[in-house]
Amino acid sequence: MKFWIGMAVTVALAAGLALSRTNEYFFYAGFVVLQFVVLATAWNILGGYAGYVNFGTAAFFGIGAYTAVVLFKAAGAPLALQILAAAVISGLLGFGTGLLTLRLRGIFFSIATVAVIFIMETAMVNWRYVGGATGMQLLRPPVMEPFESYTRMLFVTMAILAVIAVSIARYIEVSWIGRGLRAIRDSEEAAECFGVPTLQLKLFACTVSGALMGAAGAAMPMYMSFIEPPSSFSLTYSVSALAMPMIGGTSHWLGPVIGAILLGSVQQIVTVTISNEINVLVVGVLLVVFVVAAPDGVLGLLKKLRWWLRSSR
Amino acid sequence: MVAPLLQVKGVSKHFGGFSALSEVSLEVAEGERFGLIGPNGSGKTTLINCVSGALRNEAGSIVFRGEEISRLAAYQRTRRGIARSFQIPRPFHSMSVLENLVVPLGYVVGLNDADAHAEALRILKTIGLADKAQTPSNRLSQVELRKLELARAMAARPRLLISDEAMAGLAGNEVDEVLKILFDLNATGITIIMIEHIMQAVMRFSQRVICLDAGRIICEGTPAGIVKNPDVQRAYLGA
Amino acid sequence: MSFELLLEAIVFGVLLGCFYAAVSIGLSVAFGLLDVPHVAHPAIMVLGSYCTYVLGRYGWDPIVAGIALMPLFFLLGVAIYRFYYESFEKRGSDAGVRGLAFFFGLAFIIEVGLILVFGVDQRMVEAAYIGRSLALGEFRIPWRMVVAFGVALALTAGLTIYLSRTFTGRAIKAVAQDEPALRLMGANPVRIKQWAFGIATGVTALAGAMLIVVGPVEPSLDRVYIGRTFAVVVLAGLGSMTGTLAAGLILGISESIVLMQFGASWAPAVAFGLLLVALGIRPQGLFGR
Amino acid sequence: MRFVSFILGLAFSAVALAQSAPVKIGIGIAQTGTLGGGGKAALLALQMWVEDVNAKGGLLGRKVELLAYDDQSNPATTPGIYTKLLDVDKVDLLIAPYGTVPTAPIMPLVKQRGLLLMGNFSFQVNHTVKHDMWFNNAPWGDATSWTEGFLRIGQNIGAQTIAFIAADQEFAQNLANGAKEIAKKSGLKTVYEQNYPPATVDFSAMIRAIRAAKPDMVFVCSYPNDSVAIVRAVNEIGVGPTVKLFGGGMVGLQFTPVMESLGSSLNGIVNYHSYVPGMKYPGIEDFLQRYAKKAAEAKVDPLGFYLPPFNYAIGQILEQAVAATKSLDQKLLARHLHSHEFNTIVGPISWGPDGERARPAVPMIQFRNVADKNVEQFRQIGKQVILHPPQFKSGDPVVPYEKARGGN
């Protein structure tokens, strides 16, 4: 119950902010951070719970973005429909990739997902309808009431998506599915022997995770009013989606949220403060420091701190 | 005559050019205590991997309770009543002892969360791990891990339990403890296949024993008969 | 497509394929044999290219520089493996996921380090065999590709012999197949893996030298090679050296033919499509155990 | 008396300078990523202008402050950066990022808010949005303005067939598509076309295929990293005796590190540029001299022919427009920019209704007598001979390419 109140408050807060006189920059930066919350949460469903590392976040994100563009260009579909369709297509992509490679050891799945990025990017580069290699500028439709600007609307949309993603991740985590996924991560062979339909669960996780990544990607073309292959399929998305849960903690739904807010905000801040090579370094250094020194992320550190406080009393 | 619980008919398995099992056939009756012995690399673990579904056999068939199961996935076989323990314990190390049992209770038996927890606690009590229910499973001692392996197998409510070297590396009194658990299980009607290196334990426990060597059955009989068999002696002594 | 063009496509494909094999062979040891998810392999290779570039400014021939760098990179590899082992493999659980993240971070740090020192501009080296070609009538082959071809063959042959004929080599192969057995033999698997990872990294120095011989490099070039090198290693079948050469050739030739027939735009899709199909149909790779 | 008033005036303006808030000018410009090299040089030129204008007393008597953020060559970062500039930093004037791709995402933003945006070497980025307060500094307009020079030179010397190689990237494709259309209209026959993906390792096979197709000219639209590899492969394989002209749209051959490392293998290539020595603009030489000193300190492109003068020109244009209108009002400034011509260190600049240059002039130059390992040689007239447009022409093309290259 507490969780649902929290989620409702989050959405209400986002909407309230969007309708208030808050500085526009907040929504641009906030959109990006929330987008990473969705991506990190989605990644964690397969990567954190089941231990299967998906490097292909960029592929699912990019395909989501392009699905939205196709629908927008062909039918002028509204944003909600674009997001829904993107989720379906990216989910199918997740299902297909999973079907092909989830039978194999985890690392093969990881490599296959890298291959998916390149294949999808190449396909989009060669597809004239969506602009091909030159990319395409998109004219945003007029903003809907009651929002003052399109970006405010996108911000609220992304906040809702984040809440949906976190709710799904939490549902999976506390349900039988989550227990099965954890069993897979701990010992896939034992899981299978104790009744866990491992392939089905992994496929399910991969599909849901892909769908959420696609949904996150769907809002990007409207945010940029522009689409082109290299930035849509940028490796940055793959790395961030992996780094954020690692930094936050992978075993709890809160981990990727913390990681995304932390790393996402840091990235936003260094972009407008340091403004040179160092801002690229931040992700790398944080990632290495956390996986080496704090294997359970921020959540693990908090747990240790609490334990330490209790025992020192 | 009652149909046997498990029939293995002409099962073979190769790894590359190496023949791990060649045309192995055996039958296990309902309620039996069955021993499987053989030197290292003789194919014991490969055989039970084929039965439990971790591996697919190439030729032959595996029939459980009248049903051909050799094309079924491992989890489907578990749901039909085959459970196993692992030679090297493979607990779900991120979970508590109790939760380890909740996995099969949910996925195999189909209990809801509350019932599964109650049932898991009951099983832990019978096996003597109740006080460790909330302990993370990666903090257990060797004998506790062995017990957890068995408890988790029990939670799958099997008709056939395959115990893969459940006593390896245990001290004498610990071996007795585990043996007693297995005897008690058998008394409730569960058929048990025991794979064991500790001869004394197999001999005490089994009603019937099969000895494998180089992927073939070299003899079958009562424990007393097996020990005297010259082929078995040769296989073990490497003469 | 005329026969002559097809022949040309195959010749260029073979040269390109050997180049792919040479840049992948270190990974074939690190990932294929040792199971280390070494996504920083291409970054280390680019580091090798830059070291070669620095030595080149003092008049060193790039290939000589690459060979001279091998012992240094061997030590670097030993250090990296030691760190990886202490931080991840030893702790056991989740070594895969965390190790991957670690190597990703490492790759980033190397990349940015190179940018800070050398800037984002391309760097290249000079040598007698760069910028000239071997003329066979109408037909010309750039010498640098021929050099890459030679280095690839030498590396493959050297590693194959090393792994099958020497005691340590066989121990490395054993560690890949059956670690407990090796422990029983009285060998320390960690020491052997450390040694093997050192060799993999040393070989990568030479691959880096070749990378800068074949074309100019810039710090973020490693990203391009993450996919390609892993594709070659997986396609080869993990840990097979001759397989790595063969997989590189398949990739090179298919890219070259696709370029002639359908256009270069589709080349990356073909390479990675091949990888996906291989994973789907024959996950142990073309030459896997 | 006049002296006194001068002193007073100086004192007043100094007081005014100290008292009033600075005029803030904002830009997001790549310092890292693929566009980072160019972006660094461009930013240095802008900073030079800021120093110059502040030395002269600033804009409207207020000090000028330049706020620059790194867009990492990534279009996903620019919407955030520009809203930060506008809404948090409250900048008064905006300059667009270097390049088309990072600029595209901010076009709707500036249009919606009715802001003046000074373009920075992008290509047809206003085509869809049609913002009437956009002013590009680049010396080109549409694809025709860019490619016709190359094609006309070719046709003048009797070329009838053409081959195309283009990178699968935004700008190269735009350019190649435009060039193909014009080639078709002018009756040139296309005998070979190839698009290549980013990170192509080796171009030998492509060059070989071109050689086999025997075109009269080869139009190359490439990105910096590929340009070097292409030039190299051409030198090794040769494009054959039929090719009269080679080059056209190779990005990178304007950057000093690339020019320096390619050295003599540049000879014979005909390629676009924005400025080369020999183009007589008032003030450019002085600028380049000062730039060279600063560039050496900052370790950026030492010659700075390509982007820096045009970035300095952005500053000059803003300076003149603000001085003339005595205002920072965006609409007023835009109206003024549309209706006037501005004298800059890269010549007089005025714009058409679409905000692109009214009289685009993309110089097509041919590299001649370039030696290896020498940066300073490029400052001489004659190393980059201007073949087009007529007003800057400094020589006739040397053909065929193989001969101009000094090869066989």
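Letters A, B, C and D mark the chains in the order given here, with residues in each chain numbered from 1 onward.
To be clear about the criterion, a residue touches a chain if its C-beta (ideal position, glycine included) is under 8 Å from a C-beta of that chain, and two chains touch if they have at least 3 such contacts.
Treat the numbers as computed from the prediction; the structure is a model and nothing was measured.
Participant: In this assembly, which chains make contact with chain C and also with chain D?
Facilitator: A
Participant: Looking only at C-beta pairs in contact, point me to the busier pair out of A-D and A-B.
Facilitator: Pair with the higher count of C-beta contacts: A-D.
Participant: Based on mean C-alpha positions, I'd like to know which chain lies farthest from chain B.
Facilitator: Farthest from chain B by mean C-alpha position: D.
Participant: On a C-alpha centroid basis, what's the spacing between chain A and chain D, in Å?
Facilitator: 37
Participant: Could you tell me the distance, in whole angstrom, between the mean C-alpha positions of chain B and chain D?
Facilitator: 74
Participant: Would you kindly tell me how far, in whole Å, the mean C-alpha position of chain B lies from that of chain A?
Facilitator: Between these chains, centre-to-centre, one finds 42 Å.
Participant: Where does chain D touch two or more other chains at once, residue-wise?
Facilitator: Those would be 32, 168, 195, 197-198.
Participant: Going by the touch rule set out above, which residues of chain B reach two or more other chains?
Facilitator: 93-94, in rising order.
Participant: Which chain C residues sit where two or more other chains touch them?
Facilitator: Those would be 93, 115, 265, 268.
Participant: Enumerate the contact residues on chain A facing chain B in the complex.
Facilitator: Within the complex, chain A contacts chain B at residues 176, 179-180, 182-183, 185-187, 189-199, 251.
Participant: List the residues on chain C that touch chain A in their complex, please.
Facilitator: Residue positions touching the partner: 31, 35, 37, 87-88, 91, 93-94, 96-98, 100-102, 104-109, 111-112, 115-116, 223, 226-227, 230-231, 234, 265-266, 268-269, 271-273, 275-276, 279-280, 283.
Participant: Enumerate the contact residues on chain B facing chain A in the complex.
Facilitator: Checking each residue of chain B against chain A gives 52-54, 73-75, 78-79, 83-84, 86, 90-95, 99, 102-104, 106-108, 152, 155-156.
Participant: Per the contact definition, I'd like the list of chain A residues that touch chain C in the complex.
Facilitator: Spelled out, the residues of chain A in touch with chain C are 47, 51, 53, 100-101, 103-104, 106-108, 110-112, 114-119, 121-123, 125-126, 185-186, 235, 239, 242-243, 246, 250, 277-278, 280-281, 283-288, 291-292, 295.
Participant: In their complex, what parts of chain A are in touch with chain D?
Facilitator: 23-25, 27-29, 32, 122, 125-126, 132-135, 137-140, 149, 151, 220, 223-226, 228, 230-231, 234, 236, 268, 271-272, 274-277, 279-280
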